[in-house]
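Chain nomenclature is as follows: A, B and C, assigned in order of appearance, with residue numbering initiated at 1 for each chain independently.
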Amino acid sequence: MDIFVQQLVNGLVLGSIYALVALGYTMVYGILELINFAHGEVTMIGAMVALAVIGALLGMHPHLPVVLVMAAGILVAIPACMALGYVIERVAYRPLRRAPRLAPLITAIGVSIILQNAAMLIWGRGYISFPPILPQGTHKFMGAVVTDLQVVIVVLSVLIMLGLTFLVERTRLGRAMRATAQSREVAELMGVNVNTVISATFIIGSALAAVAGVMVSAYYGLAHYYMGFMLGLKAFSAAVLGGIGNIAGAMLGGLLLGIIEALGAGYIGDLTGGFLGSNYQDVFAFLVLILVLVFRPSGLLGERVAQRA
Amino acid sequence: MDAMLTVENVTKRFGGLQALESVDLSVRAGEVYGLIGPNGAGKTTLFNCMTGLYTVSDGAIRLDGTAIQNRKPHEIVGRGFARTFQNIRLFANMTALENVMVGRHVRTRAGVLGAVLRGPHTRAEEQAIRDRAQSLMEFVGLKNRGRTLAGHLAYGDQRRLEIARALATDPKLLALDEPVAGMNPNERQQMGELFLRLRESGITLLLIEHDVKLVMGVCDRVAVLDYGKKIAEGIPDDIRRDPAVIEAYLGGTGA
Amino acid sequence: MRNAPEWVRRHPGFAFAMLAVLLAVLPFAVGAGLGRGWVRVLDFALLYSMLALGLNIVVGYAGLLDLGYIAFYALGAYLFAWLGSPQFGLHLPFWLILPLGALLAGTFGVLLGAPTLRLRGDYLAIVTLGFGEIIRIFMNNLDAPINITNGPQGINLIDPVSIGGFSLGSRHTVLGIQLFPPTLYYYLFLAFTLFTVFVAMRLQDSRIGRAWAAIREDEIAAAAMGINTRNVKLLAFAMGATFGGLAGGLFASFQGFISPESFNLMESIMILCMIVLGGMGNIPGVILGAVLLTVLPEALRYLGDWQRATLGHVVVDPNDLRMLLFGVAMVAMMLYRPAGLLPSHQRKREFRAEDGAAEQEQASLYDAKA
């Protein structure tokens, strides 16, 4: 039972990070019907930039308060990723908006590779460890150990998601986004500047990715130029699980996927009689993706997207 | 005469929008059947339901007695029901002849092994596909345009090519979605003649059209859709005098 | 042939004879001129040509994006290793294992494609991407509790291809000429590449090839013309996978050693890049892309030597630069030359059509009035 609760907590933490990244996929997909393959890499860049800032600050002033250092890292990473998201859309996707479907998918992969390898050239091939500045406090919760960091990640994610929901549901920009997602042509006729809306979508998604990137690197204590790939793949699976194009779906899908993964990794050894171990953790997201596509391609909360070539 | 195609109680909803409401139709073998109605009446939606592009929310569609609603488009084509599109959907970067050859797909068999080995049987089949496609090009009046890219053909010729491509599937029932839209009177008349030749060759025609004059001229019977409902069905002369039809076309709009 | 130069069209027999002689003496010329290491590069160029031609059936012909193509290559390679190495003590003949590997890969292609191909194309891209990673994870971890793949260390001492006692894995002297394994494998790979080219050409110009082209152009219209789009797409996917498996088996026997390392995502991307660079859907273009992207990284190594010579140390590892350049090439090609260096006629039109679409609509309205 303790293991169960512990894995549930771990899953919730992971899941809220997945949800933040999944939101970026789902918002872009909702508006452009494009899988932004480079989104995972934006997350990675967010982590790298934040780490660089944090490292530099600590180098200069080793005794700055942790909150200040972390805030500085995040506050630099967010605009950096926003700019990156904007540039990616302008350079790699916008010129191809009327091209055959294959074209933007290929540039998306190209951008993804460029970002990975640029990061590798800048920050090196090895793992970069997160400085040990975070508080190590723990709490007991129903037999499980919960760290301060876990609490912060979950609370921050929930706040961000509430903020996003408010933005989409209650603001002018949100209304324009929803209209554009319904029909780009009609929105344009109604006076919505579609290009601005698309740029805004990429920028917002990238900001969320930046935060998620910092969270992931803080949580695992590591960052790596390749970290965006698996994270992106999982977040995309989460978006599909929730129903791609659906914002609430991305949140739900993210949380669920995190929990499935944590429970799966915790119990796979018992389930397979020790044949498969927790090193198969990464397989779960993919299995979920396949199963959803087979049995409910519209996802848990989504509209039917199958058969619209 | 037997009914070739029957539409029974077909309803189609998109989310909250009711696009078709309990529509009944029956098309007899050998006739030219017209489907008219104001914009947004649900004509194309009905076409898409009949040809398997949309699933129906309720009701049945039968071709020669066999239910075809919610079947895959290729199965419906296989049963002898082909169509054209209102907003021409040719394979624009293939040649005109290749477009028609694609239409033969459903009536031919060669698979991967046949394609790779290219034995006498495959070669004969390929030649037959080509010959048939060529003769269909001639039938619709595009004899010498075979090597032209479909996308480069003049607008009227693209419409004809779509018909040739659909004919290549050997349909007994051919559904044409606004085949004369955007054509000049001269072209319209030629198209009308093509319809009559199609009927002579034994193909039943189902026609969506805005051009009421053309419909009244070539159709044996006509049905009128308005707001997703059938408001009239009968021979053209009766339809012309039907008060509900006059209301639908002239009334509500205040014209 | 349609885009062949004039003199080739005029004297096809002569042109083919020239090509045949060129391909026959190439390994000797390259070995003598550039060193024996380059014969291996040549072998890889052929291997990648096969892979690229196989993936081209999926991407170029049917217009489906497969990002996990290397997984099929891995399946073929691992099957070869399992049935022809000390790993399980099996040493079956290559003519049995190669087709089995192709079959295994093709089967996985069907299993993976069947649920995903009825959805829109982007899903296929992401599912194949995941599949590639999953296969790698399994290869990496299936060494315990039962040792199937030998984990990250990989499988060693894989049997070389041996034809009637004549092993391609050892040195031979024929008519006084020394033949080294890379040269021997060159001819084997050449034969398989030519076979692949032949199959791809025949498929392209067939009932199936037309159906692929139709689906790529307009899937809904293709379905409405009686094409069972799901099956035809599945066929393309399975064909591509089969060729991947075949190439994998050849790779395993050539290297004599395989590990999960050789089958990472970047390999899939590189093969895709070859197609994009060379010209999607066009066989000569795809081969050109494969050869260029196999040879260029080798040539890039000189960049390292050059840095060492002029700057005293290597500032930027050319190997690190390689993938970055691939990424830039993919984006740049899509933006500026989307049909590739040697485009197929039809592709060129497709990618051009998008600019012309508006004008075309105008023109057709005008035609209607005229």
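Things worth noting here:
Quick note on the criterion: contacts are C-beta pairs under 8 Å (C-beta built on N, C-alpha and C of every residue); 3 or more make two chains touch, one makes a residue touch a chain.
Predicted, not measured: the structure shown is a model, and the values here were computed from it.
Most remote chain with respect to chain C, judged by CA-atom centres, is B. Compare each chain's C-alpha centroid with the centroid of every protein C-alpha atom shown, and the nearest one belongs to C. One simple way to say how far apart two chains are is to compare their mean CA positions; for chain A and chain B this gives 47 Å.
We define each chain's centre as the mean of its Cα atoms; on that basis chain B and chain C are separated by 42 Å. Separating the CA-averaged centres of chain A and chain C is a span of 32 Å. Contact of a single residue of chain C with at least two other chains is seen at positions 218, 220, 350.
In the complex of the two chains, the chain C residues touching chain B come out as 198-199, 202-203, 206-211, 213-214, 217-218, 220-229, 235, 239, 346, 349-350, 353, 360, 364-365, 367-370. Against chain A, the residues of chain C that register as touching in their complex are 59, 63, 65, 67, 115-116, 118-123, 125-127, 129-131, 133-134, 137-138, 140-141, 144-146, 218-220, 265-266, 269, 272, 276, 280, 316, 320-321, 323-324, 326-331, 334-335, 338, 350-351, 354, 357. The part of chain B that touches chain C in the complex is made up of residues 51-53, 72-74, 77-78, 82-83, 85, 89-94, 98, 101-108, 110-112, 114-116, 118, 122, 125-126, 129, 149, 151, 154-156, 158, 165-166, 168-169, 182-184, 187. Contacts from chain A toward chain C in the complex involve residues 33-35, 91-92, 95-96, 98-107, 109-114, 116-118, 120-121, 125, 229-230, 233, 236-237, 240, 274-277, 279-280, 282-283, 285-286, 289-290, 293-294, 297, 305-309.
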